[in-house]
């Protein structure tokens, strides 16, 4: 069923819901899902509506025009999206395949509603798996002494493929600040620990050294500060003294792929609203 | 902060949210929380609003009158409650203290927003603990050969104490059908298994015999059919071959008390809407 | 690191551990993992040792001979396996790919220590995915009016491929009793509910009707009685009123594949001991 | 059933299990539970046996003498305890009652196998609750300008009551280094976050600022370095944007009390072996 998704953030106040729901009702809009959140600390209000496209008398452009005055009145940060227009996703990976294979399978079996424009990797290992899915694979090696040319090429490919979302599916390179800025709120990473614990490299080794009883994974938007962007989703799995670092890595892979898949899904369904360094996930 | 809670269920259709939010906005109502749910299968719509009482120009009676026409227009099943009027709760227990002690502590430390009118038990074991909290304790023994007089007395006490909620906190007796009917949607039970598995007595023994790897607890409304009422909340805990039935019972106690406390809280906050044999828990 | 796995079940008594560990120590056996369990109810004792193969002065056949007198003395049901001899696995599937794809990926990335002899399916849908992994695919359609020829062919293939383990990775057919008997303790199924709830078909519909707040999956050995065999592993995921049956099916897929992968891993590592209708999982 | 618990840590090697189980078997010791762990990284071996006291021909002192030569041979760090001698526990609290009430209830209902010698608090709020349980309550206020006299008094009380375990059940003061040293491995704290995240004060505020999707609690041994001692147990609970800091605090209380109760139980049952800054929890 084709729907429009109306996603709004604005300073809180009386009458916002009334105004928006009046607007929708006056055009006979059939709301299939509605979510609201008032944030006490920031004084902001967030809402998301999912509306059957066939219940409305107009398309998305006309919707935008008609709604603009209300948006202006309440100083809304807002967007409306159409499920008929699948988001274009670029996946980035290195050598480890678990997250990539998981996302490709979900896409292949119609669970992930998006177009996968291409896969970019700094290694050539996963080419065959990707190409079996009929998806272009770009091998862009990163020279540790001069990373700039590689990231220029990455940037070019992302643009060429008109990506709206970039997913770092265990891409073991740190994106340069300008790319982070340009695609703020559009680059999703999976970090293999329960952030803010164990920022940076080898988190399972850190976790093992500290003797923790749970290990986790965190899906977050990439910002210029390493592993510090807004968190979309997290989960943990229980470990014990009997688990080696290799066991932790193995358990970790399962949490990583589940958390990344959920986080990406929320993003694709326009369920994630970023405000400051926090997210509202409807 | 004092709020009114407006809880609505009605056949789904266009314009319900608009009508309700218009009504609230026209009276300057400050919505602190709003939840909606459209149930595809039944074609019903459910909503719950929490509104700051001091933002409205009238009290709860005037609200009821003013809102009645809208309720009628959309054939709403609805209620409005005032957090200033704490619900009166009667707790029932037998010999085991874990659920009762947990609820009493939550109430004593102001976590559970209700009045505990009294505790009724078919045993006298827990009297001292209850009375330490300043709550009346009634010992109503149940004669297995003739249970009627006991339940008549229970019924009398529940009425006398003007109970709006009855909580079976490991009360090991089956309530008679007429009591179940009279207090439909108001009697909350904790069953010590993951329903619908292991209905009836000794569920941990049943679970152990079946060799399950998780045991659970289910908080549900009591209906005439044993352990088959609408489910409010459930949870599980992991067990293994190394756990004896005694271990399961011990783990179970923790799940039972947590699940019952959450279920009761949802009920007290008017978050649970029953429709048929299912619940919406906002 | 190559290890031998010594797995023992016998009536409990004094001196078993001493006898076994003496035997191992007298041959300089380096134990890397040891697990014990005394079952009070049945009076049986279970143990599993993992021993470095290179620490022993003999191979697995000589081990068997040397250990036999001890096994006889304590009436042991026992086996010893060699990690150098990978178990041969036959996977069976229907149309749904999530469990099969997950297992194939784990095998492909060296996480599952086994040989996948072939995949048998009653549909031809998943052939290309399987063959990309270099694994033979057999399409054995099942005629609903006469299933016998199909299961004869299945049986023949399983034998031809010398399968030690058969995994029903969402194979939507019920195996005939004789096959269940012949491969008792070797056929692993994933049931898409938290058994013993919702035995049989369409468990998510049953779960939705009952309004449960958690859905689960159960990995178990197949026996003649449907969905009643010894449970190896279970897990659940939280659902709410806002989840449709389609959502439940989607969440369910993730639990199913995780639970099956864990259960199969336990089996391949000789961690599962069946006693009566229950398992010890070391 | 009275048991002895034999707990051993020593450098790993061949023949340890054989020697220990021979010793037990030669004295006809009936082992009810046995656990082993080889730690690859440190090269240490850990084991714990639970033995029926009535199966042995001698008492704990004779056991100690008889076992000493084996302990010496393998350079064991070891202890043997007798379940007939309950450990003496001193509980410390401040104003918040949830952990204290939970532990007291578990003790009162015979779930926690220990003697609670007394409760020490820097506030007088919880006196009545404690005294209802028949346990002495000491109010030792801490002067923020000069904490020494208070901790001298605490130290004196702990000694006077011959405490073997000190539990900081939300005691909001930092113990002085000399006390931490003197009672190394005997002081158990509950920290209200998933350590190592959010060390120090107000972890829920820190968690809310960071926008995490899970909050946790950590039970650990107290060392001189704040919140950095060996971790015994951890758990988490899911939160979302809709949860205020007050909600997090409330959810947190439930995790805290569960994690502390589990951690303390493991300690009382001699299941926790500390090695370096990590624990083995059998």
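Just so it is clear, A, B, C and D label the chains in written order, and each chain counts residues from 1 on its own.
As a convention for this text, contacts are C-beta pairs under 8 Å (C-beta built on N, C-alpha and C of every residue); 3 or more make two chains touch, one makes a residue touch a chain.
Being a predicted model, the structure only gives us computed values, none of them experimental.
Enquirer: Does C-D or B-C have the larger number of C-beta pairs in contact?
Expert: Here the pair linked by more C-beta pairs in contact is B-C.
Enquirer: Round to the nearest whole Å and give the separation of the Cα centres of chain C and chain D.
Expert: Their C-alpha centroids are separated by 37 Å.
Enquirer: Can you give the whole-Å distance between the Cα centres of chain B and chain C?
Expert: Going by mean C-alpha positions, chain B sits 41 Å from chain C.
Enquirer: Tell me, which residues of chain B touch at least two other chains?
Expert: Residues 33, 242 of chain B each touch two or more of the other chains.
Enquirer: Have a look at which chains touch which and call the overall pattern line, ring, star, complete or other.
Expert: It is complete, because no pair of chains fails to touch.
Enquirer: Within their complex, state which residues of chain A touch chain B.
Expert: Residues in contact with chain B: 14-15, 17-19, 21-22, 24-26, 28-36, 38, 55.
Enquirer: Residue numbers of chain C touching chain B in their complex, please.
Expert: Going through chain C, the ones touching chain B are 37, 39-41, 46, 194-198, 208, 210-214, 216, 230-236, 240-242, 244, 277-281.
Enquirer: Residues of chain A touching chain C in their complex?
Expert: Spelled out, the residues of chain A in touch with chain C are 33, 97-98, 101-102, 105, 108-109, 111, 128, 132, 242, 250, 253-254, 258.
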